[in-house]
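Here chain A shows up in two complexes: once beside chain B, once beside chain C.
For the complex of A and B:
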C-alpha cells in the first residue's frame, strides 16, 4: 500500500512550508509581540530555530527507519507494547487538534468574510474537501497539492509585505533588545514554537518519500522558509502598527493587509491573505486528517486506513463545533493548559528525542537491526 | 465501487451548499456610510450621524446633477454603535460602514474623551483602520455632515481631501492616533470646521464665520491637542499645527510666507519633502532636544525687489525662511511645554530609542520633564528653484536690487 503513495523531495518541502506558514502568521504573532514587544521578530526567529531543530530531530530519526512511520518504528525501537504506548500522546494530539484547527479556520473565515454563514457550514464544506483529497490522493495528493499551492502562498505573502512598504516606519523597531531582554524573547517564542514544532509531522511523512535518505532534509528547509517569512511579516507588522497597538490585535498581519492602500488604487487586498490562509490551512488539515487516520490504522493494525477516516472526520467536526469561543477559550484553556505544557515539551521535543537517542544506541550496539 | 459511491455522496451533499450564499449583500441592499459623526449631548448620550451616499444621484451626476448625492441620518444611543442601531431604524437599506472614510468627532465629545467611540473601529471586522478622523470645532458633527460641499458629492470626503491638500497624512490618521495613544503619549487630531466659503479669515467672527454670509463649506482648521487619556485639551491654529506636524515628522509639504529682513515684501516658498530629525541628549539629569527640520523649496512669489538670479539674494531668502521656520516651530513647542505640558511631538519616543535604559525611569513622568526640556530648533531649507523669472518682471530696472 505504501509503495503506491510516493512523494518527492520538492513536494515534501512545499507541504511543510504550507503546513507551517499560514497558522503561524495569523495566530502566533500577537502573543510574540505581547511578550517581545518590538523584538518579537527575534522571538519568531528563535521559535523558528526551535522548529527547525525539532524538524532535524524528526528527520534524523525517520531516516534511520526509512520505510516506517513513527507508529511502526516506535515498536521497532522500544518493543511492541512500550512502542504502542509511547505514541498515544501523538494520536491524542492529532485527534484533538483537527477540531481546533477547523474551528480556528471557520471562525476566521466568518470574521473576515461571511458574517452570517453558520460555522457548521464552513467547517463541513472544508472538511468534505479535505476528506476528498485524503481519500483520493493520500500523502501523494497532499504533496502534489502543496507543490501547486505552496509557491502561490510564498509569492502572495512576499507581495503583501512588499505592498505594505509605504506604511512602514522603521523607527518603530527601535530600541532593539533593551525593552525586552532574552527572558521576554524566550517567553514570546513559546507560542510560535508550539506551532513551528508541529514540524514533528515529519515523523509520519518521511516514510512516504521516494528516496528518504536524500530527500528528507527538504522538509527542514520548508520549515526554515516558513520561519524566514514569519520573521519578515512580524517586522512589517511592528513597523506598521507599532508594538503596542499590534499586541492588542487578534490578527495583526490580517489587519496589516487591510491597511494596505497604494494611491487609493490597490486596496482591500485582505482577500489575498484570506486565500493564503485558506490554502495553507487546507494543507495543514489534510496532513492532520491523513496522519490521524493512517496512524490509527497502523496502531490498531487495521488494513484499510481509509475506513478510519470516517471516524476521524466526524470526530473533528464535532470537536470544532463544541468549542464555545475560539478567540478566548482556545488560548486560555487549550493552548495554556494542554498545547504548551504538554504537547510542546512531550510530543514535539520529548518523544522524538527519546526515540532518537534509544534508536541511536540500539543501532550502535546491534547494527544488524537496521 | 464503494469508494466511488462515497465520493458521489460527498458531491451531492456539496451541491446543497452551492445554492446560494448566506452572505449575499447586493449593493442595492446596502446604505454605504462614507462620513460618520459622533456627538455627545449634555445627558451623556451619544448622537451618531451617518452621511450616506445616494447611489442614483451619484450615477446621474454626468447628466446634469439632480440634487445632492447624500443624506444624513442621525440617531442617539448609549454608545456609538447603539446609536447606529437606531440609525438603522431609519434606513431602508442595511447600514454598512466598510467604506467609512471620514469620522468627525464633536467638540463636546472630544472634551469628555473619545476613547469610548473608538473601540468599534478596531473591533468591527467590516471597518477599516484606514480612516481619517477629525475633531469638529465650533459646530456639532451632525451640523457639519449635513452641510453640502459644492465640489464633492459626499461632503465628508472634502475634509479628507483638504487634509491631504494641506500636506497632512490623510487616511492613516486613525492608525497614527491609536499608535500614540496606545503608547500613552499625547497626540493631535486634525480639526475641521464650518466656515463661510466666501468671506476671508479676517471677517470671521467668534462663531467661525458663519454669520459672514454666503454658503458654508468645510475648512481645515489646524489640529486639536489630545492628552494621553484621549481627551481634547486645546487647539492649535493652522500655522501652529503645520509646524507641530512637521516637527513630528508626518508633514508632507506646506507653504511658507516670510518677510525678508531689511526688505519691503514677502517671499513665498513652496516646501516639499519635509523632514524632521529629533536628537535628544541627556546630561546631568537634564533633557536637551535638538530638532532639525529640513525640506526642499520652490519660490512661488517674490514681492521684494530682490533679483533672485543672484546667489546672495537666494541665500538671504533661504536664511529668512530658516529663521521663520525655527521661530514658528520653537513657538509651538514652547506653547505645548508651558501651556499644556504635553509632548505631542514624539520627543519621548526619540529618547526611548536613544536612551532605552534611562527611559524606563523617565517614562512615568515624561510629560513633566518635557516641560522642562531645553529645545533648540535648527531649520535647513534648500531652495531648489526660483520659478521662471529671476528679477521681478513687474518692477522697473532701477528698483530691482541686484
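For the complex of A and C:
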C-alpha cells in the first residue's frame, strides 16, 4: 500500500515549507513581539532554530527506519504495547488540531473577508476539498499540490515584504538586544517554537519518500526556509508598526498587507493574501488529515486507511464548530493549557528524542539489525 | 482477441446467421456455381455488391465479386477484364486458367488466396476484388482500393502561420504515409488491428521503438484490445474507451489533425493512434502542458514563443477565473478596486435588476449559446448570429439596463481568452469549470474562488494519462524539463527527451550545439 505512494525530496521540501509558513506568520507573531519587543525577530529565529533542531531529530529518527512511520517503528523500538501507548499523544494532538486549525482559520477568513457567511459553510467547503485531495492522492497528492502552491506562497510573501518597503522605519528595530535580553527572547520564542515544532510531522512523512536516505534532509530545508521568511516578516512588521503597536494586533502581518499602497492602485491587497495564506493552511490541514487517518489505521491495524478518513473528517468538523469563542478559547485554553505545556515538550521534543536515543542504543547493542 | 468477452460477438454472429442463412458452408468448394450461390446468399439485398461472371478464353468460367464504388473499376477493366476477353488469349486446357489469371493479377498491388467463405466476404467488404475460378476451391483476393477520398488539405482546426500545411484525411493509408514521409526509419512501427464487430474499423498504433515507454505501449494495446463495440465511427470512440478517467472535464488523450504534431509527439516517446475514416489522430499520454502548446511553437523564434506561452498561461487563467473574480470582488470585496474604477462600475450597474452572479451566469450562458449557434449553423446563417449577438448583447441589453457594460467586457474577454487555448478540447474543460467556480464566487467571494482553484488543482495533480501524471513536469517536478514549460526552450538546449514520458533512448540531440558568438569567416 505504502509503496504505491511516493513523494520526492522536492515535494517534501515544499510540503514542509507550506505546512510551516502560513500559520506561523499569522498566529505567532503577536506573542513573540509582546515578549521580545523589537527583538522579536530574534525570538522568531530562535524558535525557527528549535524547529530545525526538532526536524533534524525527526529526520534522523525516521531515516533509521526508512519505510516505516512513527506508529510502526515506535513498536519496533519499544516493543508492541509501549510502542502503541507512546504514540497516543500524537494521535490526540492530530485529532484535536484539525478542528482547531479549521476553526481558527475559518474565523480569520470571516473576519478578514466576510461578515455574514456562516462559519460552518467555510469549514465544510474547506474540509470537502481537503478530503478530496487526501482520498484521491494521499501523500503523493499533497506533495504535488505543495509543489505547485509552495513556490507561489514563497513568491507572494517575498513580494508582500518588498511592497511594504516604503512603510519601513528602520529605527524601530533599535536598540538591538539591549532592551530585552535572552530571557525575553527565549520567552517570546515559545509560541513560534510550538508552531515550528510541528515539523515533527516528518516522523510520519519520511516513510513515503522515494529515497529516504538522501532526500530526508530536504524537509529540514523546508523548515529553514519558513524560518527565514518568518524572521524577515517579523522585521518588516516591527519596522512598519513598531513593537508597541504590533504587539496589540491580532494578526500583525495581515495588518501589514492592509497598509500597502503603491501608486494609489495596488492597495487593499489583503484579500489576495488571505487566499495565499489559505493555500498554506490547506496544505497543513491536508497533512494533518492524512496523518491522522493513516496513523489511526496503522495503530488499529486497519487495512484501508481511507476508511478512517470518514471518521477523522466529521470529527474535525464537529470540533471546529464546537469551540465556543475562538478568540478566547484558542489562545487561552488550547494554546496555554494544552499546546505549549504538553504538546511542545512531550510530542515535539520528548517523544522523538526518547525514541531516537533508545533507537540509537538498540542499534548499537544489536549490530545484527544493521 | 481471446481475452474479449464473447457476448457481443455472439450476439452479432447470431444476427448474421439469421439474416444471411446460406452462409452454412465454411470452405469454398470446387464448384463455381455452388460458391456463387453461397456468396449471393451472403450478400442478399446488397445492391452495391457486383457479381460479374465471364468466360476466360472460351473455356473456364470466372466470377468477380466486388463492392461497387470501393474498388477502382477502370483499373479493373484495364488490367484484368480487357486482356481476359481479348481474342489474343490462348486457348487453355482445363485447370491452367487459374494460373493465367494469377499472372494477370500480378499487376495488382497485393493478391492473397482465401479458402474460407468468411475470408472471401471480409476481403470483398474491405474494398478488394474476389476472383473465383471454375473448378478451383480457393479464391484470389486482389487489392484494388479505389474509393473516393479527400485530398490532403490544410487542417481546419489547427492553423499555423509557419509550418507544413498538410493535414490528415479520412483515409488511414494516406495518414500513415504522411507520417512515414517524415520519419523514414524502420524504428517507426505501425501496428494494425481492427476494432468494431460490424464496422471492422482499421486502427493503427504508431510509435518509435527505443523511444517509446514499453509499459505505456503495452497499456495502449491492452486497452484497445479490450474494446468491444459494434462500430467505431470516429477516433473519439476509441478515446472514450481508453482514457483513464471518464468523469473529468480534462481530456487525457490529445487529438490532432497535423502530421507534424504527431511526429513531434512520437519523437518525444508518445504513441499515436490512427483510426480509419477520421482525420483526427489520438496521441497518448497527454499532459496538461501539451494542451497549452501549439504546433507552431517550435517553428517560431524562442523569445516570441516564450512570450506567447506566458500569454496563453495568463489567458487560460483569465478564461477560468475572470468572471468569478469580477463577481467575487464587486460583491464581497469592493475595497480591492481602486475608488475611481469602483465608482464607474457602480454607476454602470445602477438600474441593473440582478445580482452580479445572476448577471454573470446569464451572460456566460448566452455566450456559450452564441458560440454553439455559430459553430452549428450553416455558413449562410452564421453571420446573422454574430450580428444579432453583437447588437443584442453588446448594445441593446446594456442600453435597456438589463446587463451592465462591465459585465459585457468581462464576458467577452473571457470568451476571447478561452479561444486562445490551442487545444480545443482543453478549452472546453475551462468553459465547463467556469460555471461551478462562478457559483462558488457568488456564494463565498474570493474564498470560494480560492476553494475552486484548490479543488481544480487537487483534481489535476491526481489525474493521470496512461500512468503519466497529468501535470508533469511541474508536479511531480522534473527540473530539467521545466524550462520547456515555463518558456519555449531553444531546441539545442533540450538535448533530452521528456522524462517520465519517453522510455529507453533519452538523448535526442547532441550536446553543445548552441550557436557561438564566433564571428565566423567574415568578409573583410
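By our rule, the second predicted complex is superposed on the first by the 369 of 370 C-alpha atoms of A that agree within 3 Å, B and C clash if a C-alpha of one lies under 4 Å from a C-alpha of the other, contacts with A are read in each partner's own complex, and residues count from 1 in each chain.
Keep this in mind: a contact is a pair of C-beta atoms (placed from the backbone, for glycine too) under 8 Å apart; a residue touches a chain by one contact, two chains touch by 3 or more.
In this text, all values refer to a predicted model and were calculated from it rather than measured experimentally.
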Exercise for review: Please work out whether A:171 is in contact with chain B alone, chain C alone, both, or neither, and reply first, second, both or neither.
Suggested key: first
Check your understanding: Counting only touches as set out at the top, which of chain B and chain C does A:274 meet: first, second, both, neither?
Key -> second
Point to revise | chain B versus chain C as contact partner of A:261, first or second or both or neither | key: first
**Study point:** Which superposed partner A:116 touches (first chain B, second chain C, both, neither)
**Key:** first
Review point. Now for A:145: first (chain B), second (chain C), both, or neither, which partner does it touch?
Key: second
Review point. Can A:125 be said to touch chain B (first), chain C (second), both, or neither?
Key: both
Review point. Where does A:244 make contact in the superposed view: on chain B (first), on chain C (second), on both, or on neither?
Key: first
Review point. Which of the two partners, first being chain B and second being chain C, lies in contact with A:10: first, second, both, or neither?
Key: second
Practice item. Could you say whether A:307 touches chain B, chain C, both of them, or neither, answering first, second, both or neither? Key: neither
Point to revise | chain A residues contacted in one complex by chain B, in the other by chain C | key: 113-114, 117, 121, 125, 132, 136, 267
Point to revise | Residues of chain A defined as touching chain C within the complex | key: 8, 10-11, 109, 113-114, 117, 121-122, 125-126, 129, 132-133, 136-137, 141, 143-145, 147-149, 264-265, 267-269, 271-272, 274-275, 278-279, 282
Review point. Quick one: in the complex, what on chain B touches chain A?
Key: 3, 6-7, 10, 13-14, 17, 21-23, 122, 125-126, 128-130, 171-172, 175, 178-179, 182-183, 349, 352-354, 356-357
Revision key, fill the gap. Counting only contacts in the complex, chain C reaches chain A at residues 332-333, 335-336, 338, 440, 443-451, 454-455, 457-459, 461-462, 469, 471, 474-477
Study note, to complete from the structure: Given the complex, residues on chain A that touch chain B span 111-118, 121, 124-125, 128, 131-132, 135-136, 167, 171, 174-175, 178-179, 240-242, 244-245, 248-249, 255, 258-259, 261, 267, 306
